[in-house]
Each structure stands twice: as structure tokens, then as C-alpha cells.
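Below are two complexes that have chain A in common, paired first with chain B and then with chain C.
Right, the complex of A and B next:
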């Protein structure tokens, strides 16, 4: 090899994958382009009005919430991970699985349960026998719900990192005379910074995009106001302008998160190393156990118990047939989204993994525009684009699936690219040398090896699509109600109990893909 | 790969990816809640042998949807929780007149017949029997009622329309002072009207701000509560009277069926049954409210045009937020 250029040329994927990746990237970036163009054309009046009245408060609310939730999840997720992976916590294996399960409970479902139990007339107040509780609604409630239902992102990445950590650094630190607390804080923590940054970044991105939980906790962030601008206020340019601010905010978060993750990367030498030592907690074991149990009580027992009791004494409307129909709708739209996203991600992942050309990077970034596009914004853009230029698409299931694919494509790309990176080039080269065409080498050698990554990509998109709320609310075809819609509609009117059965069904169908992910790779597919 | 594409195509076909609902004879957007109105719509569909598709949602959200869809909308009929929503659609030229609505008294419909009220609701106080209460809604800011008052979330359309009317009749400064006074008095903001009526029914609060039919619903469940119609002295403010309303879209492809639906909902028999099921006021002349509900002719309602309410809605949101009552 004479230089990087020649190498890139030799290893650039077949032209077909470039073309396909380019097409995918163009579609994926369409909403982003639309929002930015529309915002730029919103006019000075719209902008100055928003800058005066809304944007300062919204920035404070949204950034404040994101910071609080990131700090909370970092604290809880990391300590749970350490306790479960590196200590002699009683029942650590089972607890480790349980700690990841809140991912099957969408935050807005958690919010329904919390609004009821911790609300002004809720069970907690009756339990404590007090006249009234401080209001759960607002910043505190939104933070609480989001921390409790998103900490698993940090937990999963942190525990995977702790699990895979080469203990030699820590042993060195101990040998040099550091106590275990200082080793933990100084050495271990520093070694897993990339994982913590990755997990916290996922949490932050989620907070910026969340619509359901903050709405039910009656706390205004960009998403809720954008949604309102599309509703009664009906101000599309204003909505686009606010969306562009949110997109910029998301991009800033993404950039800083990736920078921290990259800067903190440490090389590990060698792969076959001993298991890390287990810290003995001594008498603190049961205190630690109580802490884990308390988190699980808030994140699993409380919401699930409420959903189950609601379902059991449900006088909620809807026959069994209705629920079957809504479940079927949820399953089919998530199935389509997962399948299409997994297929669309493949050429992009190939181009990203196999090409060092600048074009590959650009295509990769554009195809992952979904990270910067909360569901409300994808919905707003697709409604506008389809009604203006692709009218037959408007109101079809296809458009909803497209929204999901754009939104969740990054997760599929990440999973598949990670898989491709692990497949050595020499394998394809060997196949080529033996006379296989490029396409057949890919099909017969790479694809079979990529199977687990494709499955992970499929499962993670299915999981997130099944829980998606705001884009579904806006884009669903006439008469096409999914479980999230059926949770939202009564909950938004304060009829929390009526949301119970649909919420419980939603949690149950989310458990299947989540279990797949947890069994397969300790949740690594959920990473960035 | 080919197999995969075939699989996706099959799945798409199975779930009706291509729109698929073009067989509908009538498409309704309903901001009125499903349990309440669905039985009537289903009864109509069955009677006429029509395939009716309904999109339920929040009134404001559905207004936004219709504004965005414009004349490309597939909706034939829009049913909203308040008249201001329909008025907004009328202003944008999205509704068409229907002669059949002329049978409704003029103050309960658009003068150009583009929308009509379907039922009426008065903004009253729900009061626990035996508890003291003010005779004017504006006295609720008096320290005497501190901690005794519950209201629905201020995002609720009926609450907002009430504040809008206060603004229109008494001015923004007065409305602001009123909202701040409510806040000072520790008004408890609950999730919905349903929560407010239950909270008063269970004796937790003495007074709640609701629409009149919530009082009747609570009474039906055995609670000892009454409706207090405030500001009824001659020349007084009266109670705000709002309308659940409906109209036919300008671009309706099934205008005939849409007209049939409105006519059906405006037949005396259906109006009466609806009034009995939900305790709202029927709007056709000569019909009576459900037993137990104060007759409409004995109620002093606030004189205000729904057109003005529609125009002023936005400012109300800001005012509520500024008063720190947005919850």
C-alpha cells in the first residue's frame, strides 16, 4: 500500500452500496434540511417575538432538565453498575437484569403512574396521611420521572465497561498504595469515562426529544411548545423556528458528548485477562442492597403495580377486540420500521466501516440526522413535506414508518457498523482471491457473520418504535391507533386509570425485544 | 434480499400501508372524548349503513391538523369541545354552510351556518353541600376561600375560554389580577374536571371550578354536591356558556353524509337523549335539560361572541403563564 488514498480506493465498498447509502442519507436528512430552511425563512418578526417571549424560558427549562436528568442518571446508573458488577452484593446477577428492565417502560407510562400515585390526591398522600404533598408537577416531577426511567442507558454501558475492564490498571493503582476508594474514584472511573459519556449522552438526547413524560408532568420544554404551535396556536413558521433551536441544542450536546467520549478513550492491551476483583462490602452489603431495591421499587414495582391494579379493576372503555387491534397495530408498525431500518442501515454501515473517504463520513453523519431530530420535529417536517410535494403519502402508514426509520436509523447504523468493524477485511479478501465476486463475497461471508448485529439492530429499532409517541400522534393514519396513543389519550385528560391496560400491554410487548438485546450483548447494541 | 422485499411488501399490504381507508363514507375528526360521543356516532353509522372513520384527539391538536391539511383534508365533519375551535376553522375558510343548522337558535351557531353548537355547558362552581361559597366567581380570590378551591389544569379549553371571556369583558389587567389572586389563594390545580368533581365529592375541597354537567355526574355517583351558578344578579356577569360544536369541512367529499350526521345530531330525539346521558343543555328551542339541571331559561349567561373568544385565545395562554398558573 502506498498511501491512504490508494487504500481507500481499494476498499471502498461496491458502487451499489455508495448509491444506496447516498439515497438513504438524502432521505434521512430531509427533515433536518426542511426545518433549517423553513426556520431561516421564518421572518424577523417571528424570530424576535420568540426570542423575546419564549426562547429564553424554554432554553432554561430544557437545558436545566437535561442537566438534572443527566446528573441523576449518571449517579444512579454508575453506582448500580458498580454494585452489580464489582461487589458481593446479594443477588447481584438477578438484580443486574432487573436494573435494565425499566427500559421496557416508556417514560410517559412511568409519568402516568407517578402523576397518579404522587399526585395531589394520590396513594402516597393517603399513605403518609398528610393533608397535601408538594406538587409533583413541574421541574421536579419531570426530572424524577426521566431519571428513573432512563438511568438504564448509563447503567448498561457502565456495567458493560466495568465488566470488560482490564484489572491491571486498578491492580497497579492498588499496588502503588492507593486505597480502594481512591482507586475507584481515580482510576476505575477514569477508565470507564467513555462508557459513562456514551450513556449520559443517550440520556441527554432522550431528554431533549421527550414529549410525553414532560407533557404529563406539565413542564414545558421545546417539544411540548412545538407541539402546541402545531395545534391550537397553529404557527408553522414559529414551530419551525423553535425546532431549529432545538436541533442546534441537540447537535451541541452530541458534539460535546462525542468529544468527551473520544478524549477519555484508553487503550487496553491484550484481550485475555483475568476477571476483576470483587469488592467485599462487608456490613454495607445490606445498605447497598436497600439502595438497589429502592431504585427498583421506583422504576419497576411502583409503575407496574399501578398498571396491574388499574388493569384488574378496569372500567376503562375498549373491548378485548379493541385492545387486540391496538396491539396488532403497534406490533406491525414497529415490525415494519425495524425491518426497513435494518435494511436501510446496511449500505450506510458498509460505507462507514469500509471507506476512509471523506464522502463516507458525510454520508454517515447525514444518515444519522435522526439523532438530532426529536419525534415532534420529524412529524412536523414530514407532514409539511408530504402535504406539499407527496400528497398521496400523507396519512398513510408508509409515512409513519418513514418517520420511525429516519428517527431510529442511527441506532441501526451504530449496531451494524460495530458488527462490521469486527469482521476482518482479510475474510473478504480471501473470498475474493478464491474467485468470488465482491457482491457474492459480501453475501456469503460478511452477511452471515453480521447476523447477530443485524438482529440487535432490528431489536433496538423495534423497541424504540413500539414506544414512540409524538410522531405517532401526528402521523398515524385515520383510525390507526397504537398502544402509545391509547395510553396518551386518556392520560392527557387526567383519566390515568383508563390508560392502564394499554400501558401494561405496551410494557409487555417491549419486554421481548429488550430481552433479546440483554441476552445477546449485555445491552451493547443500545450504545451510540 | 428479494425475499425480504417480498416480506416487507406483504406486511405492508397486510397492515394497509397504502392509505387503505378510502372506502370510508364519512370521516370525522372529534375533539369530544370517545366514550361520550362514540355511541351516537356508531348508532348513526349503523342506521345509515355507512362506513364511518373517526379520528379522536385533543380539540386544539385537531384544529392544527385541519389547518395544516387545508383543503386536502379527508375530514368531512369536525366536532370540537368549544365554539372557538370551529370559529377558528371558519375564519380560515375551511368550513361550508349547512342549511340544517338554521333550526338552532342564532346565538348558538355561526351566522353563516358554517358551524353549530351541539350542546351547551355552563361554567359553574361545584360546591360540597353545607359548605359556604361565594355568589360571585370573582370573590374566589377572597382570603376566606384560601385552600378550599380546586380547578382543572389551566390547559383545559373550558377553563381557558372562561379566562378569555373575563379578559374580553373586564380587560387584561383585571384578568391578570384575578389569576394572581387565585394563585395567592392556593388554588389546587388538578389533572382534569373529573378529578375536581371527585375531590369536592369526597369532601377534600369545598369548591371546584367546573362545567355544570360535572356536578350532575358527581351527584349521580351519590355525592352530596350542588351546582352554584355565580354572578346571577340582574345585570351581573352571568356564567360563561360554551358550546360543543360541529361543522362540515369546505372540501368534504362526503358532504351529503356529513349533512346527514349533523341533522341526526340535531334531531330533538337525539338532542334529548344526549342531554340525558351527559347532562349538557340541548340547544333546540323547546327542549328541556335533564331532570335536576337548572333550566337554561333561569340562567343568566355572559353575553359574548364566540368569534371574539376565538380571536383572543392566544393572549389568554400568555396571561395564565405570566400569572404562574400554567399547570
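Right, the complex of A and C next:
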């Protein structure tokens, strides 16, 4: 290192956190590097075979699904947010909480309920008394399930933005002679574009990475095909090639989403919680209420009612499952993943928040490679890497936890970096002027102030890890069944009722960290 | 303890924040660095505190080299007390724990003494967000003083306070610092603050010290036109030097020392001029700024130049009145090149 470089490093952050952050980033980026290198090394035959037959269809399916789901969630999430935050909708406070709750229902759990109720021999057919319904399986079913269970991302970010919007802008538009509809469309909507872009981006990333819901809705996307490759004759270069296309797709989405969000980010003057104008809906109130109730019916009542009736049936029939053991497995693996991710994210967040150097940005991006890595791809890469170089690791709990950490590290980093940004550099400097070493200033000042952010980071990783399906299916140790595994395995074979109790338990577990996050700050911790 | 800087430089990329500063602050002295925002005064403070490394030059505190070629003492071992612009009180600690932060466990009694020094012993159990702006500042000062620092550094200490509080707290802080007997270096952009508080002050511009001296001298004999204009209001008036006097369009001024013969510029403070009602006179009142105890007038002189005059508010002149403006009796104006 040159003199100037050493000086910069000494100033931009403790060297220990640079080393730790570098190590974390290297591990986090490993699957990404593996997939890209392996795909580049795949022969021309492999590529041309894939390009001729599979890739065009998969691209059409995957992109079409992502676009449809993004459009649907944008429409539903934004209109719910506006109704709940800015109108005199009856019961708006309670409805606002309820609208976020579908986040506790993993889409594949929703898919189980939908496949049963709306399926060929389902309750809806009996209710209507018809011979057969149009098939729920395929593009339509996958879109429906994903929209219904991912709109809360858009809803949460949009309602936070509407809530924090300085009402002076809207009042200025009204004072300048704009009607309320034009104000809403022209001023309000423009001001919350960054939030809408952020929420839609989360939805899009989720759709690209989803495996459970699309597989249960029997709709082929990249993830289902890559998973099938892993299960059947394992052809590493071919699987890596398919994965690399999905990774590139994800990166493109990420880049465009961040660009839209960044371009539309306006400087807001003042905070707006003091007063926000409420639109009186008049007779439309009850129509609006009916709309919200319909969404909640689809997203909460229908799936939960089905899960509860299944659970009651199975309890009456003397259920045979080891539910306590599966719940324990789910809790313990999520606990480990949340704890390790929260700790690993810390040095990365420190380097990102405190460093003005380019190195900090690079380390930050690499450590957040998980955003571009769907669970199946992390699983694929870790299987390949461990069987080739670290064989004793394969089939251990450690490898599964590593997959979760790599996959969910970005969420932990975001939560912690946001927390660090709130802690002024002055506070650390004040501590040092009072005789505290760099490490002791961090321990005595930064860590205590970071507490709430660390808790949020832990909760968000726990929540997502508890729901994770594809990496668990591939990497779990022999006989290590978690609740997601026990939902998906029977449901894949059409035995939907058998999935009920595990699915209900999973929803109940997810509610706890979700409630913590929602209470804390209107979903800010879930933002990108 | 003394603070001494020699040839200190610091750049950030292409911006030269501090460019060759030599400065000595004597033990027990209250020293102010006065300059506009962006002049490098905060960087100067951070160099002394150890939050920045100088690119060149040496920093000594209490006779010990803190930074120099091959030497760099980290901030926690410099024995400096720092009061930040926003006070940087630790929000998760009570007032007493804040003040005790820099003390070892067995020295905790010192925290009480320090709080008593600033008169806040009754707020020991409160948290920073429960205090007023002025109280926060005093807590920050108590915290900086508690470990018995060799020097106390204050970064724009009064800028985040209401104007009405400022003058009162300034006096209070001065008394506390004098009682503690500590060497103090304060940076500010407020000339009134620097002039009223400091034993000596330095005027800083573009990373350099333009002038160092006692407040009276800096005000009465500015080093150059810029310093004259920055430290208070001033009329720059051209004139011809003749021995100890300079003849100008407004009248003849006595000057200190021997001015160079020929054309010179005088820095005439507004209070060094006097006016009386006189029609036609030689000027017209165009603006009146009432400041309570005194009044600042803007006059249009018959030569077409604007002249500032400051007078006690005992006699008032009206806008539009014709007046005669001339040097006040016993005014001695400095020559500024």
C-alpha cells in the first residue's frame, strides 16, 4: 500500500472492519462469480442448445410474469395506500395494518390454498355447482397468487411516502388552480415515484427469484427449470448457463429500478406529519371499503380460512406429523441465519456508511450480490462449490445457513447502514476526543445507538429465512425437514390438505418478526 | 498549555483547506480564529484535534509534537477537549454519564464538579433531548472540561443558538473557561463573537492567516482591505498622504505612523465619521438602520459614493435630509495599501 493509500484507509474506517467487510464480500459474491465463470466456460454446444430450445420460452414466461405481477401490485398497492392514508375510508387505521399482513403468508402457501379452492375439484366449483372451471394452473394462476401475496411491498413503501409527504406541495398545486384529481395525478403521484419504484423493484426481484409459487401453479420459469436440473441429471455447465441468464435479468431489473428511483428522488423540505389533507370520498366510501375488503378477502381470509379448516380436520383425524420437530428446525435455522447475517452485515455497513472511498462502494455492492441471486442459484452454486472443494460441508446445516446469509445479507446491510447514517460522525469524534480508542468509541457509542437497527436487521432476515424454500430443499441435511419443506412436498403431489398444518404454523411464526418490523417504522426496514 | 502550529498544510483533493499556517496560542489564553465559511478554520481545528493529518508541517500541544513528519498521535491521546458545533452529546446517555464519558471509573467525582462548574448539577439525570439549546452547550463544555484537557477547542459554539441567547451565553462560557483556566481555541465566522471573547484572534482567509493580534488592534489596524471589510463595517476612502495626515474628499484624517507619500486608501469605520444637519451640505441620508443603542446611516456623498456613518441614537436624522459629513474628532484611521 502506498503512503497516501494507507492514510486514506486509516481515516475512512478502522482497518479491522475493512478486512472483515472484504472477507464477507468475498464469500457473498462467491455464488455470483461461480455462476458467471461457469456459464462463460460452458461450451458453445451447450449455449446454442439452450438458446435454440429453452431460453426463448423461459425468457418470455419469466419476463411476462414479472411484468404482469409488477403492474398488478403497483395498481393494488398504490390504490390501497392512498385509500388508507389519504381518505376518510371507514376503519382506515385497522385496514392499514391488515393490508400489510399478507407479507406473513409466503406466496407458495397462498398457492397451496388457491390451488385447492380454485382448482379443478375445489370449493369454488362446488359453490358454483358447475362441471368444471377454467384451469387455475399456468400463467393466470401464477400471476394471481404472486400479485395477491406481494402487493404489500408496494403498499408499505407507498403509504410511508404518502404519509411523510409534505402537504405544502399539494396545497400549492391546489392554490394554483389544480383540481384534486389533477393534483393527485400530477403532483402527488410524481412525488412518490421513488417509493413506487422501490416497491415495484422489490416485487420484480421477488418474482424473478420465486420458486415455490410458480412450481405449485405449474408455470415454468427459470427457477423451476434450474431446480429440475439440480434434481435430475445434474449438468453443471448447463444449469450455470441458465442461471447466468436469470442473474443478468435480475441485474438489469435492479439497475433500471435503482435508476428510476434515483432520478425521481426529490429533495423534500420539512417534514409533513403535522397535517396531511384527507380526501372525503362521500358516497364512494363504501365502494372503496368493498374494494379493500375484497383484496383482504383474497389475501388473508381465503388462505387463512383454508389453512385453519385443514388443520382442524387433521387434528380431528389424529395427525401424524412431527410438527414440533419441523417448527424447531425452522426456528433454529432462521435464528442462526438472522444472527450470522446481522453480525456479518455490520462491518460492511460500517465501511459503506463511513467511507468516502471507492473501495467501500465496491465492497458494498459485492456483499449485496444476494439481491441478484435467487435461492435456487445460491443453492446450485453452493452444491457445486462444496462438492468440488469442501466436500465435508455438503449436507450440513452450516451450508444451509451460509446460503441464507448470502441470500439475505443485503436486507441486513440496508437496515444497518440506514441506522449508521443516523449516527453522526461527530459522536464518534467526540468520544475519541474524550480519550476513547476507535474500538472503544464504536462499542460505547455506535453499538448502543445502533441497537434498534440491529434488531430490525435480525427480524427481517429471520422473517425471510423462515419462509425460504428452494435453497432449503436442495441444501438441507438429510432428514432435516422444516415447515416450508413440509408445505411444499405434499402440495407438489397435489395433497394440499396435508400441507395445511405446517403452512399455518409457518404463517404464525412469520407474524412475530413482521409485527416487530411494522410497529417499528411503517415498513422502512423493508425498503431496498 | 500552549498550542503551536508550524507550516501546517492540508488539502482535500484539489481544495487547499489549510495552506501554510503558523500559529502559537499561549497557555491560558482564549484565542479565536475568525473567518468566513469555507476559509479552512474548521479544518484547522480538526488538525489540532487529530481528526485530520496535516500534509506538511507540525502540530504541538503542550510542548509535545502531535503531528509532524513520521509522527501522528491519535485524537484520544492528545488531551484535547472539543465542543462540537452541534454539541454531539451522546443521546443514549444521561447528562452525568455524558460528562463522565472521558473519565476513568475512579474519577467519576470529577463529573459532578464539572457539572457544578457549568451550573447544571440539577440536570444530571436528564437525557440530552430533554435540555434546552443553552443547557446542551453547557453540558458539552462540562464534558470537554471534565478530563482536565491541555486545550479546549470550540467549533462555532454559538451558531446553533437563538440570537437572543447568544450574547448571554457567550459571557457565561467565557467565565467558565476563565475559571477553569484552560487554554482555549475557538473558531467562528461571527466577528462580534471573536472581538468580544478573545484575548487574541486570527483572521483567516482561503486557508491562510491574514492577521493575528488582540481584538482592538485587528479592528483598529486591519492588515488589508479584505480584513478591514470582514471585521466590521468600513468605508474605504482614497486620499493623499501629507506627513501624519491624509486628505480625502470627506476631510482630513489623522493616521497612525508614517504613511507612504502619495495616494493611499484609508479604512474608516462608520463610527469615525460625524454628521450635522446642513443644507446643501455634502451628502444626503438615503437609508437609516435603527439598531437601538445606535443608528447606521447610509449617505450619498456629493462625489457619488456611498458612505456609512454610525452614531449613537440620541439624535436622529431622517431619510432625505441634507447633511454635512466629516471626520469625527480624534479619529485615527489606518492606511490599508
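List of remarks:
What we mean here is this: the second predicted complex is superposed on the first by the 506 of 528 C-alpha atoms of A that agree within 3 Å, B and C clash if a C-alpha of one lies under 4 Å from a C-alpha of the other, contacts with A are read in each partner's own complex, and residues count from 1 in each chain.
In this text, a residue touches a chain if its C-beta (ideal position, glycine included) is under 8 Å from a C-beta of that chain, and two chains touch if they have at least 3 such contacts.
Because the structure is predicted, anything quoted here is derived from the model rather than measured.
When both complexes are superposed on chain A, chain B and chain C fit side by side without a clash.
After superposition on chain A, the vertex angle at the CA centre of chain A, spanning the CA centres of chain B and chain C, is 160 degrees to the nearest 10. After overlaying the two complexes on the shared chain, residue contacts for A:332 are found with chain B alone; chain C is out of touch. Touched residues of chain A, counted separately for chain B and chain C, are more numerous for B. In the superposition on chain A, contact of A:449 is made with chain C only, not with chain B.
Of the two partner chains placed by the overlay, neither chain B nor chain C lies in contact with A:129.
Once chain A of one complex is fitted onto chain A of the other, the partner contacts of A:494 are limited to chain B, with no touch recorded for chain C.
Of the two partner chains, chain C is the only one touched by A:424; chain B is not. In the superposition on chain A, contact is made by A:436 with chain C only, not with chain B. For the three-chain overlay built from the shared chain A, the minimum Cα spacing from chain B to chain C equals 20 Å.
Counting contacts by the rule stated earlier, no residue of chain A appears in both its interface with chain B and its interface with chain C.
Residues of chain C that touch chain A in their complex: 49-53, 74-78, 80-82, 84, 86, 88-92, 101-102, 143-144, 147. If you check the complex, the residues on chain A that touch chain B are 53, 115, 119-121, 132, 135, 137-138, 218, 220, 227-228, 230-234, 236, 317, 329, 332-333, 335-336, 339-340, 343, 383-384, 387, 391-392, 394-398, 401, 473-474, 477-479, 489, 492-496.
Taken together, the chain A residues at the contact with chain C in this complex read 7, 11, 424, 426-427, 429-438, 444-445, 448-449. Interface of chain B with chain A (complex): residues 4, 7-8, 11-12, 14-21, 24, 27, 33-35, 53-65, 67-70, 72, 74, 85, 88, 152-153, 155, 188-192, 194-195, 198-199, 204, 313-314, 317-318, 326-327.
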